[in-house]
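Chain IDs A, B, C and D follow the sequence of writing; residue 1 opens each chain.
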Amino acid sequence: MTELLRIEDLRVHFQARKGLIGTIPVKALDGVSLTLEKGKTLAVVGESGSGKTTLGRAALRLVKPTGGRIFFDGEDVTNLPDSKLKKFRRRAQGVFQDPYSSLDAFMSVSQILEEPLAIHSIGNARERTDMIHHALQDVRLSPVEEMAAKYPHMLSGGLRQRVGLARALILRPDFILADEPVSMIDASSRTEILYLMRDLQDTYGIGFLYITHDIATARHFSDRIAVMYAGRIVEIGPAEQIVDEPLHPYTVALIKAVPEPDPANRLRQRPVIPGEPPSPTEPPTGCRFHPRCPSAIEGTCEVIDPPLIEVRPGHHVACHLWPEGVH
Amino acid sequence: MRGGLQTALTELLSSTTGKVGVTFFLVMLLISLYAIITNPLDFGTRLWNNPAAWADNPKNVPPAWTGIFEGSRRVNHTVFEASEPTEVRNTTRGIESVYTFNVDYTFDEAPTFTSFSIQNVTYHGSPPSTSVSVMRPDGRSLSLYRFVVPAPRNGETPPILRYQQTPFRVHLSGEPSVAVNVAQFLQDEFQVNISSSRLVGDIDEAVFGIPDTQGGGFQPLKGEYQIVVVARSQNERDSIEGVKFVLGGSQFGMMGTDSTGRDLARGLIFGFPVALAIGLITAVMATVIGTTMGIISGYTGGKTDILIQRFSDVLSNIPLLPILLFLAFILGQKLWIVIAILIVFGWPGMAIVIRSMVLQIRSGQLVEASISLGASRWRIMLRHIFPQMAPFVFAQMIFFTPAAILAEAGLSFLGLGDPSIPTWGQILDQGFRTGAVYVGYWWWVMPPGILIVLTALTFVLIALGMERVVDPRLRTVRQ
Amino acid sequence: MSLLDVRDLHMHYATQGDPVRAVDGISFQLEKGQALGIVGESGSGKTSLSLALMRLLPSNATGYRGQVVLEGEDIVALRDEEFRRLVRWRKMSMVFQGAMNSLNPVLKVGHQVAEPFLEENKGQKGKKNLRKEAKERVLELFDLVRLPREAVDRYPHELSGGMKQRVMIAMSLVLDPSLVILDEPTSALDVSIQAQMMNLLKDLKRDLGISFIFITHDIALASDICDRIAVMYAGEIVEIGNAEDMLLRPQHPYTQKLLNSIPRLESNEAPQFIPGAPPDLTDPPTGCRFHPRCPFAFERCDRESPPVFTIQMGTNEEGLMTRCWLLDKEKR
Amino acid sequence: MSIAKTLAIRGLTLVGVLFAVLVMVVVSLGWTGFSDRMLTAIVNEEVRGLRQGLAQTIRDVDEIEQAIQEQRQELEASYGLDRPWLVRLPQMIWRVIRLDLGEARTLKTAEGSSSITSLIGERLPRTMLLVTTASAITAVFGLFLGVKLATRVGSRSDRIASLFAATSNALPAWWAGILMILLTYVILSTFGVRVFPPGGMYSAPPPEGGLARLLDLLWHAALPVITMVLISAGSWTYVVRTMVMNTAQEDFVTVARAKGLPEGTVMRNHILRVAAPPILTGLILGLASSVGGAILTETVFNWPGMGRLYYDAILSADETVVVALTFMFTLIYVTARFILEVLYIVVDPRVRYS
């Protein structure tokens, strides 16, 4: 397996205003490391404020990292100036959460799909039309001619998101960041988009960074899962292992919080973690999950920040409960 | 839906207010074209503010059409002009060129004045003389006025030219020699004894009437009059090119006249292109600058943003009217200066709104998506951000237009208009300052005001028609 | 007698063309202390149904008709003012979708919760006493929904999304209604907060004996609290029954597909999707409205609208009520 | 951003506005040579007076010339003409900022004082009388009508009101004033009805007695006030209507209705309370800018207020008065803006806490 994207100790801090003149750092990402292999999908699962979206934006170099390194296909792109990013931009694409605001409402589908080709000066008018039609076929938007002439507001959320996918696809990228691509789409059509993404991955060998709050879709549509909490990765490993045998108490809670359609549900209370996620301006000391953790070890968890250690092959967790690994 | 501007136009034409506004606008555009084609560009200095150009017009008279509503017939303003004599007689006393003008006098009152003028006189030898007399319907004939063209000055050699630029013009109604002649006439024909000095002012009543038996006044005498002008010269090469007799009306043209006799209709028509130019130039410039600054400020951020933001904050917080008045006064009453000031104080408000819109758009995912495609910041600003704001910008521009027109009109009304370019505001100002309002010369103050309001309203209506484009909440609900 | 008996309820929206048939002949019953889930995709008319029940008719609503019998009284027949005074919040209240926009940004949340109470008891006691009583009531409710007491003096923007939703729940309970309509009460919340909220609702249902109508697009979430589940499609209820039957033995192809589309955590079974999109409600398909997307559709489905077939499951006497021609044993 | 910071930035901006206006005024006076021309004219005027006086006492022409030269230099020095405007005018700014406004050349108060401070003291209340009365009437009228219309958006009355608003937006104040004079004074008086006087502040001679004088004042103020109301009521109503309409579409208003609150309570507590800050903004801004707009109305109605004073000062090229009044107009406007910022914070908790 060859590595496509490697992120090392990535930090993204923003400045928030506080008081009359003071500012305070918001640590959206605070030391995240991960790798994505070519043609594979890594899901990043977390709740709002966990930093998963910032991670995705940093991976596409939409925000400048405060610290750490980003390697794309072996090349360090962490601090490349905008002028030298064009090659990277051609190979790394994004599909964004909001199918309503991520497409230009004043452009037709064919104009939207022509944008990337125009930006990178690819093909002549004829070739571009062919490429556009091909991309539309790829995302199963048919009839192609008819769809190309439509404007975004004529399409449903699901169809718009396919246009977004086609736009990302038309440059034949090696990497696509999919930031909550289905969270604003009806449950019944979510699966369809996710299957489509998987088919495209199989056809073109694209590596996906799939950012989601929904661990259930992550289980079915990714190879590995990283669970984020308060700007950190708390657990990362093979998708099925993470869901079937979660190690971090937060992962456990997250999985238990997801309702499955079961008539017995209503007769029992759901095990939940109390409280709300911490403010990113003042994260708790030690393990950031400790104030909400049911298994917090007093004297340890609030003091020592647990490192991410490999407890099983390819399965890392940052928790004091697993000091030596699982055997 | 293709492009923001086209959406805006479609939406605009689908609303009633929009349709009315656009129709008004097109009519105004046509009138403006007509005004520009039919008038010299230095209309203001050459005609409008040149009293000589309006000397033959009656002063302060209402529009001709108002006569319809009157019980008695008022005098139509009539100008009789001839460049060729009706008849040339060779007499013992010289060559007599006779110019006759027939007047069908059916009015219930005397003319407001009568005047006589000649132009382009050429003579060789002794100067020609002219005389004006009237043949009345009652068969009586009255010799009014006699005039001898001034003799050559020392050193002048024939041909002697006179009255080339400005015609020789005599206001018969106020001319003492005419009064003497008329007094004589009254004495001879009606045995009415009025001294010539008392008759001045009543000359036209006497000429076009018969003395009242009871009072001291005159009754208008209706019927065919003939004005006979005889020019007598001694040389057959002598010539008079323009002979003019004006029967001063008590009503005039489409819009009446002001206190200097100016044809208000012409001034009002000329006001159309001026008002449109003021409004559109100001609005286009202010919106273009405002939009550019707003987009740059919002998208670039950082120091540029703070600089533009503070600058426009300061400018937009300045109370406009006092400053406008002050600057127009100090920098001189030039239209372009007024337009420049309006632009300078107009764009910041626009820039502030555009900036906040850009910030909103920038926080949306479209910009992020475009960056990740590799688009340059200029491409994003031009292709993605600007089109989204285009309808709003367009609407703002339309909204700005009446504001500029009203501001200029206000300034003109305070006497700070550009005298070389007449505007509706200036006409109103003159009407107000000469007291036209208090004596009820409505035709002087109403039409320019109505035109200002109509013009402003045109743009307000168009802007209202675009409300739906600008405020998405009002767009037709899509299910 | 059921707590709520809805019979043939309609509400359409006027458009420039044909009306949108958002609620098109809905009938169901709800027993006291029970929770009924109304599940459907967006555009199925489920939110319109809640507005129709609360009689919060949008300005372009037309054809509002049918019967809504609440505690024995047909509230559709009431005049607007009577409905406001007698029914709203007193018998039936609602927790709206999107707590962030449902609270007035310039009023303290405590006051907003107390408002219906103050209105209800207006003029009965001294102003001061009423204020005090209202405050006590609000504090009691805040305890009940597990909100910190000091939150009463906060403005909405000072609270997190979860806290705002708790405020909304407290508000819905202030006049002790017998029925609370919950319209996607957790859809904007994170899963862990959502789970907290569902636990709270379960407690309230058990402790206060309140009946819920729980509106959601997520049938799994509905299973968390609902005794009965109704599935809506294109303005109609296509299947309704108790939670066991609906979740384990659904008869309507749409319900089956809806269940299959959920990615399961506990099994490796791959989720399925329903091809196509929900129909345009200004011009719904002829016959069964689901037939263009239905894998089992046959000729009759296109022609005739299926009636309700009641299927006895043996587990209980009530059974499933399903609108599908597949269940027509005789004429198949 | 904290409130203190927001207010500080706003305050600084507004001080910047004052400063910018003064600099602009001074630069345009100096750079165009206007100031020099005006001052030279004054000096020449005084010198001519001097020459006449000297001619009677001194015989020798050269002696006179010399004496006059000395006097002229003294005068020029006292007016600052011996220094370039870049040096002279900043002192003027500094004086004005300290509210030491100086003396008017020809304009005087009724008591004969030519101090600009007392001129403003005399004129400002008269302007405020017009402006505040008109604004109060407009505000009340607009609020009632606007709220009414917002409840029936799209109805016939709504459309009529929109049209009225559009027209009133397009109606210049001074022309409306002229129309008013034409209508009430000219036309009605031809039928022998004397409704309102066409201008001025008191009848000539003013009636004796406090009450009679007050009534006379109000009688004279009526026409200008009606005019001001007429031109601002339309757009104001429309603004209120739109704000109320926008707020009424918010979700929390639906919630308030669902709570069974009576329509009146919903309107008061949930719609108006939320729409109040922008409405208040509009009101105060309208008030502040109508002080400047009063220049036109006061000119039409010959009302001796601040606006008329400014106009007269400009016509008589009284530099000191123009600078002082420009500063005052800006000061009033800027103060109103600042009060607005503070009020906003009081009214809207969202601003207070964010």
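Everything below uses one rule, namely that a contact is a pair of C-beta atoms (placed from the backbone, for glycine too) under 8 Å apart; a residue touches a chain by one contact, two chains touch by 3 or more.
Everything numeric here is computed off the predicted structure, so don't read it as measured data.
The minimal number of chain-to-chain contact steps leading from chain A to chain B is 1. For chain A, the chain with the farthest CA centroid is B. Comparing per-chain C-alpha centres with the mean over every protein C-alpha atom, the closest match is chain D. The distance from the centre of chain B to the centre of chain C, with each centre set as the mean of the Cα atoms, comes to 70 Å. In this assembly, the C-alpha centroid of chain A lies 32 Å from the C-alpha centroid of chain C. Between chain A and chain D, the centres computed from C-alpha atoms are 58 Å apart. Those residues of chain B that touch chain A in the complex are listed here as 1-4, 7, 364-366, 368-376, 379, 383-384, 387-388, 478.
On chain C, the positions that touch chain A within their shared complex are 35, 41-42, 160, 162, 190-196, 198-199, 202, 217-221, 223-227, 242-244, 246-248, 257-259, 261-266, 268, 270-275, 277.
Residues 57, 60, 62, 85-86, 89-90, 92-94, 96-98, 101-106, 108, 115-116, 119-120, 151, 153, 164, 167, 171, 177 of chain A touch chain B in their complex.
Looking at the complex, you find that chain D touches chain C at residues 250-252, 254-262, 265, 269-270, 273-274, 347-350, 353-354. Touching chain B in their complex are the following residues of chain D: 13-14, 16-17, 20-21, 24-25, 28-29, 32, 34, 162-163, 166-167, 169-175, 178-179, 181-182, 185-187, 190, 198, 246, 249, 288-289, 291-293, 295-296, 299-300, 310-311, 314-315, 322, 325-326, 329-330, 332-334, 337.
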